[in-house]
Amino acid sequence: MRATGAIATRSGTALLATLMAIGWPLAAKAEPSRVVALGGSVTEIIYALGEEERLIARDTTSVYPEAATDLPDVGYMRALSAEGVLSVEPNLILAEEGAGPPEVVDILENARIPFVTIPDDYSPDGILAKIDAVGAALDVMEKAQDLRTEVAADLSSANSQAESLANGGEKRVLFILSLQDGRVMASGTNTAAHGIIEMAGAENAVTSFTGYKLLTDEALAAAAPDAILMMDRTGDHAATNEDLFAIPALSLTPAAEAEAVIRMNGLYLLGFGPRTAEAVRDLSVALYGG
Amino acid sequence: MLEARDLHIRLGRKPILTDVSCTAAPGEITVIIGPNGSGKTTLLRALSGDIPYDGRVTLDGLDIATADPAFLAGIRAVLPQATPLAFPFTVHEVVSLGATAGLSGADPTLADRALAKVDLAGYGPRFYQELSGGEQQRVQLARILAQVWQPLVDGAPRWLLLDEPVSSLDLAHQILVMRLAERFAQAGGGVVIILHDLNLTGMFADQVLLMSNGTLAQSGTPDRVLTDANIGAAYGCRVRSRKTPREDSFFLLPHLI
Amino acid sequence: MAADAAATLPLPKTRDRQTFARWMHLWLLLLLIATSLLSLGYGAADASLFGALAALMNGEAISHIEQVILLDVRLPRLLLGITVGAALAISGVLMQGLFRNPLADPGIVGVSAGASLGAIMAIVLGPLLPAGLLALTGNALIALSAFAGAWIAMLILYRVSTRQGRTSVATMLLAGIALAALTGAASGLLIYLADDQQLRDFTFWSLGSLGGTSWAKVWITAPIVFGAILLAIRLAHGLNCLALGEAAARHLGIRTEQLKSGAVLLTAAATGSAVAVSGGIGFIGIVVPHLLRLGTGPDHRPLLINAALLGATLLVGADIISRTIVAPAELPIGIVTAILGAPVFLWILLRRRGLVDL
């Protein structure tokens, strides 16, 4: 199917080529000076590298630093518009994993715009690998090396600080993505939330599945979290402590007894970018006290 | 010749029609009468092939159960008791549906002529849904007249099957419609009509089929079937026909003069 | 008295209405062409069709990016928009004719619910398929699964409502409600199993979009849909007769069983492929036939042709809005058609109350 798509795409292009019988000069391999960043962490890394001058557009999740929000927004990174991305005339697209839909990525590749996918792994090494990949794509390896060293040191100090705070007594943390009609959408393993909880010297209370899923009441009670971690949101997804503990299964947990609910900015907490070390520190302090 | 042999129809386990055999001849008006629930409409629906039945119905030798609907539509038109209409068609469009279904379909003036026949000349552009019940009934009649416009084609009769065509009509239009049927039969076509009005039956029928409890109680000429005894037995009430009522009681018996 | 009233009322002329309907073909075709040119010439990128054509005529080259935008983004998207819009509109006409109800739509025969279930199955369970099978279907897994879902739902419904070769339209209507509830429950179960990412994908799918258009989708969908339109036009006379009821239609010489199965199959083919490639796009199927009936009457032959043209035009127009209003991002087109279509739908309901008992 992918092959058919490519053939069909080419046939569309061939149509005009035949019509005009004119060849086009191949796009010159220019220095990537017009970059579209898809994914909050990619944008943050570009800013941390001091290469924000080259950034011309971003996706909806790229909201840090503040200045990034002034850039044109090409939409949600999994539902991109081919023409929308092309309209900002990029010569490099840097995307976190999962950008799409695939048909749009096909068209962008066909437009001979380098499309670089930055691997996502929710671990300290994953952050460093992201920095390497962004540095390589922007051709600023030296700066990337400096940032990498700095971030690596920061991460390991944050981690050891968290370990010492925990002091062997790892708390069980339940990450709640959202509440839907009194049901809890929680994080399992293989998520950013799971990664940051581990890095902050704690234990994810739910490990029976991967990704974010709705929990049953019984699974919620069995998770028995010592603390609840959430993103601080406004509007529809905002949930107050009363909302949380109105859920019977949640009200019986140790977290409810201690009213231990931690709210942190979503991108800061789950972005897995240059600020993650700071987020790990904040989280471990919130969990175990300074 | 429209012929039914050994018709049996059940609805679930309840027999609706039991062992009915009858014939209707071209050139004649055959009227089906009987009390409510006696099986008149069921018989007509079997004769027109609308409901499954045991037995055999043939139209000029053709088994209607297996005949091509398009071919049947060319030689036979059926007027149901009531015809709801789903969309805002105009009267002309409704009648044209009949004209195109029949064999005379090519004639574009047919719809207007059929409307004139049922005293609805000039009604063509109006919306069907805006007409009164009686007018709608006549539009439907015009539709089936347009479908079998000529009663006799190359010596082969066409057929009209009408289920209570005068039920919503005023006196004048009842007579008009029965006259149309009469002329159709006189010209060689076959007509089968369900009527409630025994007076109209006596005036126009060549053959009467008296239904009672799902069986054919009597059949034959009006003189033979429409006797006080037969009607009394079928309808369960005493009647007196062919006698003038007492002088001081009101009665109006429309009669052709 | 009735005759007097007839003389005084302003009457629509029947033949005028037929002539008007034929003129309408031409006007709508011109409107579609104009909208198409606008769609090709206008978008988030300032690649302009006319600029490109002028450049070509002067023998100048246009840039590769412009070429991609015009030929691989806007052109297939325009063609898919035309295809999907036409498919949704004629499906509406067919279903309304079949169910003899101006508010019927393909949702009634379970096609939409089936497609929706197929899509979420592909999204949630797709990753569990063997890698070889996944590679074979590639990008098209969701579309194929939605298409299959639409057909399976429709076939089940048709089987349930057909006994001894006769299809009961009333049973189909009721069974459609039951089937929609059942597929809704199955979708709900899958939604429960889905993770956050899959839920977002499904949400975007069900909002409808022409964003993932590729030439492959055009090549697969367009022949099915335009074949269905040509066949549907052949059902027009039968659908006109069916407006008088099934028995009356049969007495007018229509093979009603063939007509009914034809209408259902063509709807499943057209809607199934439209929904498969574009997700849930509402209101085109109800609003377009209705607007046309107001102007040119219920005769199905001109109605089907006009509906295909107007449906295509409206969807292409809605797509222009969808891809420019929040540029460089885009709004799901289902939101645009709902915002524009729902008020029209309500207006229809209010207006119709008098004329036809719904």
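In order of appearance the chains are A, B and C, and numbering begins at 1 in each one.
Keep this in mind: contacts are C-beta pairs under 8 Å (C-beta built on N, C-alpha and C of every residue); 3 or more make two chains touch, one makes a residue touch a chain.
Everything numeric here is computed off the predicted structure, so don't read it as measured data.
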Computing the C-alpha centre of each chain, which chain sits at the greatest distance from chain B?
A
Chain pair bearing the highest count of C-beta contacts:
A-C
Which whole number of Å gives the spacing of the CA centres of chain A and chain C?
37
For chain B and chain C, what's the span in angstrom between their mean Cα positions?
43
Provide the C-alpha centroid distance between chain A and chain B, rounded to the nearest whole angstrom.
78
Of all residues in chain A, which touch chain C in the complex?
1-5, 8-9, 11-13, 15-16, 19-20, 22, 24-25, 27, 57, 60, 72-76, 78-89, 98, 101-104, 106-107, 110-113, 177, 185, 210-214
Per the touch rule, the chain B residues reaching chain C in their complex are 45, 48-50, 52, 69-74, 76-78, 80, 83-90, 92-94, 97-98, 100-101, 122-127, 129, 131-132, 135, 147
Considering only the defined contacts, which chain C positions touch chain B in the complex?
2-3, 6-7, 9, 11-14, 17, 100-102, 164, 237, 240-245, 247-248, 250-256, 293, 297-299, 355-356
Would you mind writing out the residues of chain C in touch with chain A in their complex?
43-46, 56, 59, 61, 63-65, 67-76, 135-140, 192-197, 200-201, 204, 209, 211-219, 323, 326-330, 332
